Amino acid sequence: MTTVRMDQLSWVEYARRVSEESPVVFLPCGATEQHGPHLPLGTDALLASALCEDVAARVGGLVAPALSYGYKSQPKCGGGNHFCGTTSLDGQTLIALVRDAVREFARHGVTRLVLVDGHYENQWFVTEGIELALRELGPTAKLQVMRLEHWDFCSEQTLADVFPEGFPGFALEHAAVIETSLMLHYLPNLVRIDLIPNDPPADFPPYDMYPSRTEWVPPSGVLSSAKGSSAEKGARMAGDICNGIAQAVRKEFAL
Amino acid sequence: MTTVRMDQLSWVEYARRVSEESPVVFLPCGATEQHGPHLPLGTDALLASALCEDVAARVGGLVAPALSYGYKSQPKCGGGNHFCGTTSLDGQTLIALVRDAVREFARHGVTRLVLVDGHYENQWFVTEGIELALRELGPTAKLQVMRLEHWDFCSEQTLADVFPEGFPGFALEHAAVIETSLMLHYLPNLVRIDLIPNDPPADFPPYDMYPSRTEWVPPSGVLSSAKGSSAEKGARMAGDICNGIAQAVRKEFAL
Amino acid sequence: MTTVRMDQLSWVEYARRVSEESPVVFLPCGATEQHGPHLPLGTDALLASALCEDVAARVGGLVAPALSYGYKSQPKCGGGNHFCGTTSLDGQTLIALVRDAVREFARHGVTRLVLVDGHYENQWFVTEGIELALRELGPTAKLQVMRLEHWDFCSEQTLADVFPEGFPGFALEHAAVIETSLMLHYLPNLVRIDLIPNDPPADFPPYDMYPSRTEWVPPSGVLSSAKGSSAEKGARMAGDICNGIAQAVRKEFAL
Amino acid sequence: MTTVRMDQLSWVEYARRVSEESPVVFLPCGATEQHGPHLPLGTDALLASALCEDVAARVGGLVAPALSYGYKSQPKCGGGNHFCGTTSLDGQTLIALVRDAVREFARHGVTRLVLVDGHYENQWFVTEGIELALRELGPTAKLQVMRLEHWDFCSEQTLADVFPEGFPGFALEHAAVIETSLMLHYLPNLVRIDLIPNDPPADFPPYDMYPSRTEWVPPSGVLSSAKGSSAEKGARMAGDICNGIAQAVRKEFAL
Amino acid sequence: MTTVRMDQLSWVEYARRVSEESPVVFLPCGATEQHGPHLPLGTDALLASALCEDVAARVGGLVAPALSYGYKSQPKCGGGNHFCGTTSLDGQTLIALVRDAVREFARHGVTRLVLVDGHYENQWFVTEGIELALRELGPTAKLQVMRLEHWDFCSEQTLADVFPEGFPGFALEHAAVIETSLMLHYLPNLVRIDLIPNDPPADFPPYDMYPSRTEWVPPSGVLSSAKGSSAEKGARMAGDICNGIAQAVRKEFAL
Amino acid sequence: MTTVRMDQLSWVEYARRVSEESPVVFLPCGATEQHGPHLPLGTDALLASALCEDVAARVGGLVAPALSYGYKSQPKCGGGNHFCGTTSLDGQTLIALVRDAVREFARHGVTRLVLVDGHYENQWFVTEGIELALRELGPTAKLQVMRLEHWDFCSEQTLADVFPEGFPGFALEHAAVIETSLMLHYLPNLVRIDLIPNDPPADFPPYDMYPSRTEWVPPSGVLSSAKGSSAEKGARMAGDICNGIAQAVRKEFAL
């Protein structure tokens, strides 16, 4: 049986591959966060994992167990942390989690590590976790780390085609067309298309308020409509993302 | 589709169940740790998750995404942290992870929470995470938390039958008969029976040394033989564990 | 003498104003970071402070001493932390700094607090600092906090006029036309127009690498050209920003 | 334009000076703290900065942006943290702030660093920040750090002349003759001589109580009278301090 | 005067012994915790210290001052933290305390360090403290550390003789026959045999509940009866423990 | 047997006294630090404990186990942390240790707590520990805490008599006449008068250098001579200190 999932490999097989193949190890960084009535709470981790497995299969890589909990959801990109079910970490916890994981992969002898973030709010804490691990490992460490948000690999042409009336921007793309289409592509059984809400897109001011003004956010938690999502659009975007990451990985890690 | 997995539910469905049913929420606490040549690195999280899903189905509960990384493996119970593939957290990281998760479940309105630990080394850091969360929540919080190591629910009779030549104790039961049998019961595709090593049981002194004396540990990472493992034994132990937890949950949470 | 600067007021005067006027208190969040050969290292804190003082004068507010050090500069938005002179904080340090300051303003009786961020890399750590302070203060606290990046208040029309050949996006606007023009408006003596470099705009891939690929960044540290900067453009953008923040403050704090 | 202020230099100029001149870098450590009705909240940071600039001009040094927030004011040396306007950091926050700054200056190639403390309560946390940074930098680091409280450089003769009726000790010299005179020397516009209170000197027991016995402290926050303060006295003390620090710097850093 | 107690030696004598003799340094890890009506709150630290002194005398070692406060008492091994007098540390505090101490002994030149734990709840936090210190010291450090719980050195024969009706297990041995007998051997003046309670042994389920179910624990705090304790039994167990540790130390440290 | 030592009391007796008598609880804060060739490493904790027991006997108080490790020794008040045998904590560790202990005494129902510091370097970290505990306990907590350095209770007349040639100040009183005399009074067996060094008093500049200029400190570690120490002087100073603390305690705690 061949698998790209690290948690399904024995340590003997993992150790062999790391030492003989210097594979790219992918670490999916997700969240447990409301994604409207039509997508599951695990969307961010599930999608990041699915994309990682897809890319890993193309580049001979491995996928580590996802970080299933992420930084606190914010109203303007994730609906906000007041939703029931959203289960978030303090910034320092996420920083430490990433730092520890990176440190351990370096100890294993991994030299090519990619953190694939599927939750917008994670990115700076993931960054700091990497920075702290590398500082601790010191200047002689051989580990190189790539960090990315997967949606940034959708090409402009794809976005133009997927959003014929204009792309509303990644900010509002929470539980909307991109995530819903990707889920329809990878995990269609977990999508309830019939429950996609009809809320108009949220309209946020150029600032944040704390405590959150929860009335800014549609009660469904969906920031712009997921209407028009389809498995085909998901397949196309997944193609962009996986090709893009594979290409980036080959270039930066000299595969 | 009915599921016990929180990450497969929408927040709307999760919120409805939490407010209407006060379900028991199970949080599997695992690790990414060597388990010999015949079991996968994810064994602890996979087993804890499988057991949680099994129990949850019996008591109308829900299963939160597992903590897939755990505290540093120690030679005498997990082989030690020097194995390639073992990917561990600092104590403070695990404490914070548990504290944050417990705090969030309390915010959701969850009142019945069970942390099912599948990695021996986790237990005191998980305990501290719960203690810190409850202190922060204050004396008026309605949340009650159960914490357990799943193997402690195997009955004496079962252990006597499974180990006719005498139970070597949980200490040496790393990647051995209990875990291998449970994996054969729940996830047989991930077990390579043909690769079970023949190492004699490890013999440890009543103290620990740091840096680890790695020569104390069999090179395979298996602390006592997994020979004799079977799906049947796994089913029997899984029955004990699930019945036991279900009973405990009904009693303590007055279901 | 009338001043909006908190550090120039005696505590007696500050206390009187807080209790009698419930003024908006502005906390500028800056950095000490390379801004090319033509702008000073203190640009982010200096600009955030100047804008705060400008707005505070309009809304009867007060300006607290700036946070002069910020989170680690990143290549794609600040050139990267490898530049000599860039002097950065760990994420946890900045989180704690903001948390402590917010907690103290709440203790003073301040109910309207605005954190004006002038350093892109700060935003998530500033957010977490606010979140932690509010959690600690509890649900009965009267403090409301606004957080913003000042450039987000430039109107689309202004950006269209300032960048007739198309706005390159805030990402590349480090030490470029916006910051240089704002400095020419507020602190012209600190700008060396003659030293503006001719580097073409940086072209970054949709991912980050750690350790930083410093060759991605122009040696000057300027991510897109500051050519065409002028005090007039600065005045116009400062007008947008100050009007916008003043309006936001009046709306959200019901002044 | 020549400046000693780091925040007014471009990174190019700063980098050139650090590499060519090995200048002494001064980091003023202040606070935002009540200083009676006649001195501003920013006194500690303003004075520390002014003194640093004065010394830096004499020794060819540079002055980094001040730490504007300090450790919690204590009744017996700063009036106590209960005053409105006093805005303080937790000890751990200040420790981390100093540690990060020192680490960064070392990275720049700075080898001569002086932390000039203007807030009595800061000193041990500043010390710990330096200790932690140096431990992290390791025994081969070239950085040497001087730490001082500026008032300790007033000569005995000066104190005898400034306090003809006897020096009450630095403990009670909060917002009193030394600080007021130094402010009259450096920043006279920020002093309101007409508002100097007539409170008799505070009389403290040889212990502290927590929560603070706020009745121990004069309501004005002034621990001994500032009557008799003058710009002349300020000039004389500033001379002592600046000469003393310059001399110390030349001696210890072999300039 | 000859002493094994580090706190009674001058630094000159300590330094001489460390450099000339490479002595084993013992660090007793105790607690301040209820031990029923018949044993004092300091039992864990007092016993760990007494045993360390006994062993140190045999192997030419030294005993550092005990850690007198330990991790939070748990119902099933220490009665629980709700008892008045039990005075416990957070996990992170104990980790840091151990880490700092180990780091310092390494700096002294100590190469043989033994942490003797007398409080069951301490063990994982003590372990993490050692792990963190060794990671910080790096792979070239010469320090080796042994960690142990002292009761694990009682031989099976001794346990069989001391408990003729069957050993109830270390879990219930809190303030019971082992600790009481050891105290009668080492510190009889601190034992009140007349106050030994008659509570039957506690009967705990295979899980923990938080907040603690205090009704699980006998009101006396004694988990199984101390009846039958004697100085003779204490002497015999002390002999096992001291011989065992001495032997372990000689073997592992090649004395 | 009557004792003031908490560690010698059973929890039952401690609980009874706390609830019936509201006794003052004393927590000695010491260090493990070089004290020259004539005093033991434990001097600070031993003296603080002895003084606490002396005072407690006078006011019906109790003495908790001492904190035996303190903050890093500094050259100008303790000789510096480079001495072998000096075993110090990071600032954050000491803060946490004090915070945890204070929190626990409050939980016991203790309302009168006195932290008696015997190590100059501890004071600000002890202060922060108290501040953090009280903030956590909230404004309704009944606990009041006194903090002191014991030597501050020596009367001026006593100092004049003990130092006929003039008191050199507490700064240089490390392992000198005060500490040596107090040890001769309380623990004469631990003093080696014959080994008191003849070093002249250390002469420190008004600043500190890091890394420490160890050549500033006499090789013996004694900052001013202990010649002339006597048990009689110790008794007189102990009398001042104990009377002074007893009086302070009666006044502030309304005994």
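Chains: A, B, C, D, E and F, in written order; residue numbering restarts at 1 for each.
Here, contacts are C-beta pairs under 8 Å (C-beta built on N, C-alpha and C of every residue); 3 or more make two chains touch, one makes a residue touch a chain.
By chain, with names taken from UniProt: A, B, C, D, E, F = Creatininase.
Owing to the predicted nature of the structure, the values given are computational and were not obtained by experimental measurement.
Undergrad: Which is the least count of steps on a path of touching chains running from chain B (Creatininase) to chain D (Creatininase)?
TA: 3
Undergrad: What chains do chain B (Creatininase) and chain E (Creatininase) have as common neighbours?
TA: none
Undergrad: Would you kindly say which chain has the C-alpha centre located farthest from the C-alpha centre of chain E (Creatininase)?
TA: C
Undergrad: So, comparing C-alpha centroids, which chain is the farthest one from chain D (Creatininase)?
TA: Measuring from the centre of chain D (Creatininase), the most distant chain centre belongs to B.
Undergrad: On C-alpha atoms alone, could you tell me the rotation angle mapping chain A (Creatininase) onto chain C (Creatininase)? Nearest 5 degrees is fine.
TA: So the angle, rounded to a multiple of 5, is 180 degrees.
Undergrad: Over half of the interface residue numbers used by both chain C (Creatininase) and chain D (Creatininase), so same, or under half, so different?
TA: same
Undergrad: Hey, which pair has more contacts between C-betas, E-F or D-F?
TA: Comparing E-F with D-F, the pair joined by more C-beta contacts is E-F.
Undergrad: CA centre of chain A (Creatininase) versus CA centre of chain D (Creatininase): separation in Å?
TA: Centre separation, chain A (Creatininase) to chain D (Creatininase): 47 Å.
Undergrad: Based only on mean CA positions, could you tell me how far chain C (Creatininase) sits from chain E (Creatininase) in angstrom?
TA: 54
Undergrad: Where does chain A (Creatininase) touch two or more other chains at once, residue-wise?
TA: Touching at least two other chains: 90, 92.
Undergrad: Following the ring of touching chains from chain A (Creatininase) through chain B (Creatininase), in what sequence do all chains appear?
TA: Once chain A (Creatininase) is placed first and chain B (Creatininase) next, the ring gives A, B, E, F, D, C.
Undergrad: Inside the complex, what are the residues of chain A (Creatininase) that reach chain B (Creatininase)?
TA: It comes out as residues 1, 5-15, 18-19, 32, 34-42, 45-46, 64-69, 83-90, 92-93, 96-97, 99-101, 104-105, 108-109, 189-190, 192, 195, 220-221.
Undergrad: Within the complex, which stretch of chain E (Creatininase) touches chain B (Creatininase)?
TA: 71-72, 74, 90-92, 95, 121, 123-125, 127-128, 130-132, 134, 144-148, 152-153, 205-211, 213, 244-245, 248, 252
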